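Mind having a look at this structure? Questions to follow.
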Amino acid sequence: MTILFGVPLSVLLGQLLLGLINGAFYALLSLGLAIIFGLLRIINFAHGALYMLGAFVTLLSLQYLGVNYWFALFLAPLTVGLIGMLIEKYLLRRITGEDHLYGLLLTFGLALIIEGLFVKLFGVSGSSYPMPDALKGGFNLGFMFLPKYRAWVIVAALIVCFVTWYMIERTRLGSYLRAGTENPKLMQAFGINVPLLITLTYGYGAALAAFAGVLAAPIYPVSPGMGANLLIVVFAVVVIGGMGSIMGAIVTGLLMGLIEGLTKVFYPEAANTVVFLVMVLVLLVRPAGLFGKET
Amino acid sequence: MSSDIILETRGLTKAFRGFTAVNDVDLKVKKGHIHALIGPNGAGKTTFFNLLTHFLPPTRGEILFQGKAITGTRANQIAKLGLVRSFQISAVFGQMTVLENVRVALQSKQGNSFHFWKSERSLNSLNERAMELLEKVGLGSFADTVTHELSYGRKRALELATTMALDPVMLLLDEPTQGMGQEDVDMVVDLVRRVAVGRTVLMVEHNLSVVSRLCDAITVLARGSILAEGDYATVSANSAVREAYLGTAVTDEVAL
Amino acid sequence: SDDEIRIGYLADMSGTYRDLSGPGGLEALKMAVEDFGGQVNGKKIVLFNADDLNKPDVGANTVRQWIDEKNVDVVTGLVATSVVMAVNKIVEQENKLALISGSASSALTNEFCSPNHIHWVYDTYALSNGTAHAVLQEGGKDWFILAADYAFGHALEADLTKVIEAEGGKVVGKVRHPFPSNDFSSYILQAQGSGAEVVALANAGADMVNALQTASQFGLSQSGQKLAGMVVFLNDVHSMGLEVTQGLMLTTGWYWDMNDETREWAQRYHKRVGRMPTMAQAGVYSSTIHYLNAVKATDSDDSQVVRSKMIETPINDMFAKNGKIREDGRMVHDMYLAQVKTPAESKSEWDLYNILRTIPGEQAYRSLADSQCKLIKN
Amino acid sequence: MNASNREQLVVEDLHAYYGQSHILHGVNMVVRRGELVTLLGRNGAGRSTTLRAIMNMVGKRSGSIMINGTETMTIPAHHIPRLGVGFCPEERGIFASLNVEENLLLPPTVRSGGMNLDELYEMFPNLYERRFSQGTRLSGGEQQMLALARILRTGANLLLLDEITEGLAPVIVQKLAEVLIKLKEKGLTIVLVEQNFRFAAPLADRHYLMEHGKIIDEISAAELPSKQEYLSKNLGV
Amino acid sequence: MSDTIKNPEQQQRVRVERERRIAASRRNKIFFAVFIVIALVAPFGIYPVFLMKLLCFALFACAFNLLLGYAGLLSFGHAAFLATGGYITGFVLTEYSGLGTELGILAGTAASAALGLGFGLLAIRRQGIYFAMITLALAQLVFFMFMQSSFTGGENGLQGVPRGQLFGFIDLQDNLNMYYFVLAIFLFGFLLIQRTIHSPYGQVLKAIRENEPRAISLGYNVDAHKLLAFVLSAALTGLAGATKTVVFQLASLTDAHWHMSGEVILMTLLGGVGTVLGPFVGASIVVTLQTYLSNSPLGEWVHVILGVIFVLCVLMFRAGIVGWFSKLIQRNFK
């Protein structure tokens, strides 16, 4: 067996794979955050709460409506996306053009309300969501046992990420989005329905968070606090990738998963901190992040 | 001979990724001149200004100001040496009063800008000089106006007053009359002529009537390099300049 | 000192530990007061309660204010160790009493003991000791410890290591994970790769739940490794469900379905709260009743007078049989080794544990001979 | 074609506000199909505001604006360009996150008959050279060209152009004059806000003179020579 | 200066302006006097430890506001300075109790200032959201260090820090003595901030915030000026943290957590960014709610209620409570 830094290579491989899977979650979440930041210039502190909502919609729709996992995969993003659109239309819209700090304060307040209500309704312990039958068990890869579900997570997350990337970077819609960020008034004067565009964008960002929530439901405890802890790391990912860069969010998400995975082997105590260390280093060398454009 | 050259660049070059905006420019500005830098759009005039004041680091080349190399000097230090610029878009401190705008500039020479323990009142000693400068540009009665309420032309005048507060040896003006009505243009021409007494001015300007009225020497920049140099008559007669910049219809009468 | 008995209930009412003690603990406290008729020897019992938000400064400030302004005699609840440590300092300074039923740190009655607090329900030593002992006896010799990287996890890890080594076992690997962690797959994989027979979870709450769930996905038990939870509460098992937790061995200080007495009390509680009580919530009830009895017997609310009486009197209630409070403030009572039922075995929502056996109190808790408590040495 | 149809833009009693400040005080103007009309006035007279009000880009408005016979006061802002209006703003509005070509392709086509990319590049070779640069990395003048080129692609037949010669070299200004003549020949209607009277005078059919948010006079091209004096008094030209 | 002014209309303008300023400064003096009187008698009606907590957080928010409101820099890592002040003071007072409380607090403040200098040097070149994020990242590293090192007591925190004596003879264990000491510290910090804002340096800072390139072209070293603001803010934040530690006799990781950095932003926004009293009011509201709500039957709803307040604040009075109030006064009494 090959040994690398005191760790067998096979173990290392397994850890890298797991890191990548965690990275897929980061990528999904930071993608939504980056899109929302890109168009609304809002640091969406409610993103963690939306992720949590996604997981809860999945759980509750099973418990009360008997909706299965595969259906929830569509239902939850749709529901949360709609909630997001309502939030945009009735709250965020009223502060367009104000300092971006107010968006932060508003979404932070929303997160407190949503999470507080869920704590009141469902307690804090969290519940578990049954693994869908088709994804039970796992593959023996030789160097590790890979649960089928985790394999599915990475495939599903990557597909969604890249479809989103393609939509934004390679289609007309995407250039509307990017331009709408900069000068919404002028875009209106070109005949684009910017308010609708913004509502849909926030809704889509929320739906992405909820999609991550559905993916998380069977493997992590579904609890009101599940998003809050993740949020700050996801911010870091977006910044390292370069704010507003879609590809940056995806690639950095995966990369951070890997780096975190390695840290968990070599210096687990620092696993929650390593992302910030990377952030400091990256910003010192590349002030606009890995993929960001310097202005 | 060389002592009457105040600013000189040698082989000054700026390349952006795959694109050379300023290419090997040797420029000499004589002390006391009003020197115009003209050229077609995208010729590199603004970039050249940015290099002189170190808002951009040059790729290659040297800048000498009053005989000393200032190529690597930091932007704020260059201002302290007496080479002060204005901006293409009017640059004033909008939320401060007109008087405070000038005072902030005066403070720069005082060296108390880090004194956080002193009272604001210690700045009152600067008021007299500030008022003097405002009177000079015709803004005396606006001293206590909040700056963003000023009209475009008056903001331009204020900017000149703050620039003068530094008592610069040489001024760099980037399109000082852009977007102005004819009246304001005349006012600015007048102003520049007044403040230029005893100083050197290098200005970018598209308005040929301004250039012809004000300038002692002209350098034409095109595609990052010097195309022609000389006084107005020489330059406007140059066929290359006509083709690249002036266009066929421009005759000397129209320009004036 | 005055004509009222004043009790303050301080706990996490809205954060991670809400379900362990929280509002339910407050309800248990109210039950105790009601069972006393709302007064002791004609003195009215007055309750105060507050959320400590798991912040030591908030907790300390609240208790200080209670004592300074409301003349509170005794503080109960007390969950997060950092909060409890801060509160203990104040209680000691002001010479009042604290009855701790939530916090797990065994240091509270060891290096941090004081004559002003009593630790009621469990501690890291008893929990890890009980489970480890049982598992070792069944033949699990090689251990892997997954510990939370903060004081509580370290204490648990140290207590556990001592037991394992004392009984001929070996720690073949360990990893300290940040607190809190989102994903445990990496650590579980490391545990799997270590070749240990037993994987011990030296963490609590959400982290423990998360680790356990991950272990079940990676088929830890299928590959022949045993899981041992050190600090597992009823609410954890309830929320995770039996599918994930079945077969888990754990130590508990109390379980609602042990005998008629416990069932009777638990049903009363269930009627008011809608959930079954955890051992911490039962502990709030028990410690309060014991305290009030001592007040009644001495007709005093002076902390030291009452404490002496509490130490003198053995505890015999639905919570403990022949429980004894030691000089170091440790309430020593029997602990129970339990195993989580399979879904098939469970007959109702809260039918979660099989009690395997009783661990006598003297065995379960750290003996006074090993104590570093300053009250003992002198 | 009936008479009302030939009136492409009819503005009646237009008032406009920025927040509290009342800027336009009842503007009336009519622009017929194929005409080139200028708005003259001093700095701050409200010329840009008139164009912005037509595009529904100011705070509050009242009055009436008919485009091709459709009342636009009541329709959402993004429906106005779809009536065939192209707007080139004073501040240019080049998008930093898009490159030159993406900027060019950005505004959706509203009519057939717009120019295609090749034609535009031919007209503005600078843009072709820099077509993959970030939009805002262009020099001031190049940005101006881009802003104009952008709306020529959409096929709009009513162009609202605000200070398009500002900051441009004389050669380019001359070129623009040729472009405008060509567009007029194609039958486009143009409203031109200009500081550069020398540029506008030979192109325009009519001039509106603005002051303090009102149209104070209307001068046809034919009357121009006789009104030189009057104009220089009012505009300082 | 008046002899240079020639025309009468202009003289009139200047006079009006001067009168306005004098009136404003007189009004501020009255406000301040009222505040002092209230502050002096407050501990006889309100629980002094609560008041001290309030003053500590108010100082924290004021220090933060100096940076956000007057230098235009949004730091998302101020918890690091609060915690550093607290831990260092706690450590010094516990280990070298002979040094005296004043020196202990001074040590904490100095440590925070030094840390601020370090953060500043790394972060000051970055702008906007990147500045916020790099300060956050640095603060997370500091958090990690505090969690891992032994002198902080890790998760348990530093407990039982002695309050000690002031100048060797005033017993700070007494809540009233402690209160007046804290009040003095707060006033010192508050007045220093006011002075800074209205100093020659404050003027330059304002200019930089409004138009950075122009300030550079006037010869100012913009980075150095921003750095000074950052260090001042860090030092005063450290002072707040140090004082808080002495008051509560403990220092804990709560102070270092990023939530704390977030909380101070919220306090400041709630009260009104860039207003003199805003941070004080914002801190008072948040601290009071946290303290008194958690002791009430609404205890379980603390987060929800705070959330609702933030949302309402953004939707209804965006300039912050103080900003909104002063607008109201201006409208009605002008």
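Each chain carries a letter (A, B, C, D and E) given by its place in the written order, and its residues are counted from 1.
Just so we're on the same page, a contact is a pair of C-beta atoms (placed from the backbone, for glycine too) under 8 Å apart; a residue touches a chain by one contact, two chains touch by 3 or more.
Keep in mind it's a predicted model, so treat the numbers as computed, not measured.
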Give me the fewest steps it takes to get from chain A to chain B if each step has to go to a chain it touches. 2
Chain by chain, through touching neighbours only, how many steps does the shortest route from chain A to chain E take? 1
Can you name the chains that touch chain B as well as chain D? none
Between B-E and A-D, flag the pair that has more C-beta pairs in contact. B-E
Where centres are the averaged C-alpha coordinates, which chain has the largest centre distance to chain A? B
Here the gap between chain A and chain D, centre to centre from mean Cα coordinates and rounded to Å, is 44
Gap in Å, rounded to a whole number, between the CA centres of chain C and chain A: 36
Approximate Å spacing (C-alpha centroids) for the pair chain B, chain C: 75
Can you compute the centre-to-centre distance for chain C and chain E, using the mean CA position of each chain? Integer Å is fine. 39
Touching two or more other chains in chain C are residues 14, 149
Which residues does chain D have that touch at least 2 chains other than itself? none
The positions of chain E in contact with two or more other chains are 300, 302-303
Each pair of chains that touches, named by its two labels: A-C, A-D, A-E, B-D, B-E, C-E
The chain B residues in contact with chain D across the complex are 16, 19, 39-46, 88, 151-153, 175, 178-184, 186, 206, 208, 243-250, 254
Enumerate the contact residues on chain C facing chain E in the complex. 13-14, 23, 48-53, 55-58, 60-62, 64-65, 68-69, 81-82, 85-86, 89, 149-152, 154, 179
Complex contact set, residues of chain D against chain B: 42-44, 126, 130, 133, 137-142, 144-145, 163, 166-175, 195, 198, 235-237
Residues of chain E touching chain A in the complex: 74, 122, 125-126, 129-130, 133-134, 136-138, 140-141, 143-144, 148, 258, 262, 265-266, 269-270, 273, 300-304, 306-311, 313-315, 318
Complex contact set, residues of chain E against chain B: 1, 4-7, 9-10, 13-14, 17, 192, 195-196, 198-204, 206-207, 210-211, 213-222, 224-225, 228, 232
